[in-house]
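Across the two complexes that follow, chain A remains constant while its partner is chain B and subsequently chain C.
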Partner chain A sequence: MTGSPRYDGPFGTQQAERLLWRAGFGPRRGEAARLAKLGLDGAVRSLTRPPGEKWIGPSPHDDKGRPLAPADAYGHDHLWWLDRMVRTSRPLVERMTLNYHDWFATSNSGVGSQKLMLAQNRLLRRYSLGSFRKMLVSITANPAMLIWLSGIDNRKGAPNENYGRELMELFTLGEGNGYTERDVREQARALTGWTSTWKRGKGQTDFRFDASRHDPGAKVIFGKTGTFSWRDSVDLTLHHPRHAPFFVTKLWSYFVPDPPDAQTRAALETLYRDGGFEVRPVLEAILRHPALYTGGRMVKPPVVYIAGLLRGLGRGIDTTAWVWLSEGAGQRLFYPPNVAGWDDSRWLDTNTFRGRWSIANQALAPFTLEQKKGKKPPKISGDPDKIVQGALALLGNPTIREETRTELRAFARASLQTASGWKADAYPPLVANAVRQLLAVSPDLQTC
Partner chain B sequence: MKRHLLALVVLACAVAAVAAVPATAGNEGESFVQVVEKEYTLTLSRQSVPAGSVSLELVNFGMDTHDLVVQSSKPGVKPIRFKQLSPRQRADRTLKLKPGRYLLWCSIAGHRQRGMHATFLVRG
Partner chain C sequence: MACCNEHSRAEILRQGIARAGNGLPAIESGMPTPAGTGLDRRTFVARSLGLALAVYGGSALGPRLLDEGIASAAAATGGSQQVIVSVFLDGGADALSLLAPVQDPLYRSLRPRLALDPTAGTPFAEDPGLMWHPSLAPLAQLHAEGKVSVLPGVGYDHPNQSHFTSRHFWEVGAADERLATGWLGRYLDRVGKPDNPLQGLSLDWSLQPSLATSKMPVAAVDAPDRYDFWARGVWGDVGDRMIDTIGRLGSLSPQGDAGLRQATDALRQSSQLYRQLTPFRPKDNQPAFTSPVPYPGGDDRFPRRLAGLAAMLSAGLPLRVVALSAPGHYDTHDDQAKDLTDGLALTATSLLAFQRDLEARGLADRVLVHVWSEFGRRAKENGSGGTDHGAAGTGFLIGSRVAGTMIGEFPGLSKLDENGNLRATSDFRGLYAAILEDWLSTDADGIIPGARAFARPKILR
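== the complex of A and B ==
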């Protein structure tokens, strides 16, 4: 019907699990099996057309038990959003919000206001499954973006090219893809007029369009001439013939590691154009595509990895450690490295992998099996199979390869080989802790 | 043998992490305020808070070193001083603040004069 290929293989727990990771933050206990029962279409629709939001799990707090203050305390912005990822009943909404945070990458290092960053985050969430046109119009006039890409410094007679350039290069067309330096300059003129007021103690406030700062003269953009406004600037880029291919390829890249084939891309472009820049139909086609279920695996972004571990464990946000741990793995929310967003190729390098090891360690910490002073060690079976099974159960029974299971079992067996006498009781909990850690950092759980 | 060692190292890490997770103790009456400093501005995440326990956080988003002085406008009250922070550093302190107006400024020579000051209201 859509022209985009549709997956017609079995849709069981394993496929549902992958869908929940790609379109969210992984399954909670039993969630993949429940989703599988809906079948492919039902499962996809439950994600793209979710009912009202519910929060599942314990409320977040900092290390001192205080409620989070996302606008007023360093790191609480990160924790606040991570909590949404962990507890939401609408994972695709949250995942698309994260994708758009990377797409329209804005950093608080340049904005300097968690409050404005949170307002932008609400905007990204509002349009996460809706109209890309509305998203683009809104983000163009968004206060955090107006500060970040110098929109408030862009005025008649002194145009600032920052936003006009990125609008085409990063948000809608791709670098050097169908525009010239003259288009950049003319877009900047069309985008003039935004301003704000600086108030002592409050910072930039009262963001508004001031016609007296707008350049009303004729501009030539993509070969068309007119007295274009900032809204025209958005529409001109959306209707540019290179936009739809850019959009579907970029959106696709958040869900499938290999680029779409020509037939798929053409079908997705048609869906997007004919749908009036609506994102949901394109998303549904991507989530039903065979490449999502049969293609190669993707590395989980650090926050997805963290949120997924916590969802699997049933643990909520109870420590600020997630801020520096996530940063150590390469992803601090609200602080992308630059306007191009995060570099996915760094998600699993020798530096960031160290961060992931610490993340797994922190996630598992409250569940550590340990001997209390003066007490016997916790009773854990010395059967390697049971130890591996126990680790899987703790982490929500994720699907792992037989190869990984064999390795873990062999590790447990070798570690317990000399466990006789007092070691017979003391070693199994130690080995169980080690197997949990090794499972959590295994390639099977780092990728999906 | 190597594997035994690995298991024990893993365990040691895990135990250390457990120790790093403090016990929770409900403390909902505390207010948070963030002060962002850069050259040469000082902005607050909120302009007023109720009297009582206030977690005041200073973040240096600038390229120079900055500090912070918090001074009640009532005479005779000793000022509260935050130490100097290098760029990208932060510090926070929990203060017991009485109702009144407070002045905040960076005390590094010339910074206050260039605009690094603000006022803040603690409501009764």
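== the complex of A and C ==
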């Protein structure tokens, strides 16, 4: 049998760097070189089968040095997760949690409880590399999801189609792919029975399955007849012949921009089916696939861009500004735009680029070279090459194209050429600040 | 003027525009800017018209001639350019509140809690059974002046009740889930210029999907007077050069890589837009523009965006289509009464101010505003002081040149569809076709799929 193709080119720092971006949030200083030494298989396994979690780098706090309150303080939910992305020793776990946050996109704008959103986040993390079946069963009964897609309003005699429809359309099969409007209505009946209690000051609480609200009658789903329950609803969907192709293609799309070829897709489907809906073997095949290393680049999602800048700089979460900065670039965690998640094909326009400019500016802020009052300007070499090298080193030595380097050098040279007299001392730090900023927003660093 | 009569002067200016390139050419680096830091109005107009090369490139036109002649050129070029402004009521605005059938006894039985008081608002002159929502009094006023055409039941057959899908249909101008370009984007792909992002402007945090193009650049700005690229510890000519370098990095070849292409496009277009909006950046704590009429105050960006839009049009900036979202929450599953009152009031007062602004600036004949929502709401109210997703909804066309008469009649409460929703009495695709053909003077064929099948309403006087 033919398996999924395996990349057999050189696995050096550059390949390790791409792997760390696609399967995580980019390398810390020196991390790509260390990963490259493990070879392709070793590197992939270190991500898909990571040892116990460790936290690397300074612990998070707000602008006044106070610890985060993710369940309570506005925006701290976002900061709390961003910190995990920056400091984790298990980047693929966090990245897959983010992918699933997009896949099962639930917004706190509809849920109205940071606490419930964080509970859902824990669930997404628990199964991030594990069983998709367990994930789907759990998310179907998850309180935040039960609120978001009206599960608690779905009861015998008054079915609500919201979850049943999205279960098939967005989570498991794809829009109109192998089901009918009748299947939507019958799924809704099978899913009846969940409820909760609203308490003043607490909101929705005590989420439970109440058999008296469940419709126990016979249903016809995908042509099969039975007195299906909510668990049957999940299993019928998972065993639908269109599910495995949908699953592997959607999972692939988070890692590689072009869709898989037919042979690859078939091999991934086999891995997924034979593995009993285990995600890890499929992930390992994708992360070893030649398309990941030789194919086109992907635009980094805003939070990946932010977390990556901070990892490269060695900076931790020390300001709440990341909440609005991230939103300005188009991605506020726990608030996807709708149940279909973020539109990965439209991260960049003139306004979200400006948002990323502000992000880079904030990331670089503590490192700004500034003349202190009554002091001389900081001493910086006036050599354009050294200024560009210095900016690269500060940002963790990312790989950039030669033509980008040439533009940055030309900018530095032209800016310094006119600097005579007092400017001869004052300009090098200005130019160094500008080169760092330009490097951080360059097309090379927006993509991976 | 010694050298030329009025006609030939205008002719030279037009040639200048043609020579300077299509739309807006790059301001070459090294090109001198006027002494001091601020650009005066003349420069501003020149840049926005694409005359920068003519101004700075030592053309036959002296600055004095330009000084006096540019305003007429702006009128000549800009004046021929009709502008469409799309205003989106996000969430599915309730048709039965916007224009309430207060005289119909069915209304009260379907809406025991939410029915509006029949004396609270202005009666709708074209159909006395209907009443304007009290918050829409500013639109009632414009309607009385003949400047509003109402679509009391706009939608499409086989209505989709998902926000996501229905909004997408409206944005792409077809009941097609896979179509990726917006209907206004396809219009720009036909008539737009490769170096003018401002031709399709989203006044928003990110691009409005109706403007998505396949070829031509378009822009999104949160606020036109705040589009700046500032960096800590960078100033003076290093700062200017840094911004030029954004454009240079955006002009590097993406070498066939789609991801790199997205990123380089964003850098290049941002740098173009930055130059186009130069006159809109406040200098020395002076506001970037002033409005001849008052707009609603407060924190919301909507009135400020409209005020900026009128100022941009007045300055002759090369805008063709503009899209933005109205303030308010229209997905009123609960707390409908209050949410609607607040959102509609700010929306309507701002739109009235915008119309008055355009009138004061002599621009009102160039602008058509289209107000729309992805669907209306269920006729019967739900159990929580709100309404669920429906089908046909209410839309408005606003402007000095609109016909001012209803497009399609009110669908009526006695013949709801099988889901208890209003039936459509006009089709949004027919409306789009009429806007393209009668307002923007281009064939709807090739922009609206199957355009021939849709009847065109009379939208203009």
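Assume the second predicted complex is superposed on the first by the 446 of 448 C-alpha atoms of A that agree within 3 Å, B and C clash if a C-alpha of one lies under 4 Å from a C-alpha of the other, contacts with A are read in each partner's own complex, and residues count from 1 in each chain.
Just so it is clear, a residue touches a chain if its C-beta (ideal position, glycine included) is under 8 Å from a C-beta of that chain, and two chains touch if they have at least 3 such contacts.
Computed from a predicted model, the values in this text were never measured in an experiment.
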Chain B versus chain C as contact partner of A:V431, first or second or both or neither: both
First (chain B), second (chain C), both or neither touched by A:F411: both
Which of chain B and chain C A:P67 touches, first, second, both or neither: first
Which superposed partner A:E175 touches (first chain B, second chain C, both, neither): second
Partner chain(s) touched by A:K115 [first = chain B, second = chain C, both, neither]: first
Partner chain in contact with A:G203 - chain B first, chain C second, else both or neither: first
Partner chain(s) touched by A:E370 [first = chain B, second = chain C, both, neither]: both
Contacts of A:P443 with chain B and chain C, given as first, second, both or neither: second
Partner chain(s) touched by A:V248 [first = chain B, second = chain C, both, neither]: neither
Set of chain A residues, in rising order, touched by both chain B and chain C: 361, 364-365, 368, 370, 411, 414-415, 418, 430-431, 433-434, 437-438
Chain A-facing residues of chain C, complex: 162-164, 177, 180, 197, 202, 204-207, 209, 212, 218-222, 227, 229-239, 241-242, 245-246, 248-250, 252-254, 257-260, 262-267, 269-270, 273
Footprint of chain A on chain B - complex, ascending: 3-4, 6-8, 10-11, 13-15, 17-18, 20-22, 24-28, 30-34, 36, 38, 41-47, 55, 57, 59, 61, 90, 92, 115, 117-120
Sites on chain A touched by chain B in the complex: 61, 63-67, 69, 71-74, 76, 109, 112-115, 198, 200-203, 318-319, 321, 361-362, 364-366, 368, 370, 411, 414-415, 418, 430-431, 433-434, 437-438
Interface residues, chain A side, partner chain C - complex: 165, 175, 257, 296-299, 327-328, 330, 338-340, 345-354, 357, 361, 364-365, 368-370, 401, 403-404, 407-408, 411, 414-415, 418, 427, 429-431, 433-434, 437-438, 441-443, 446-447
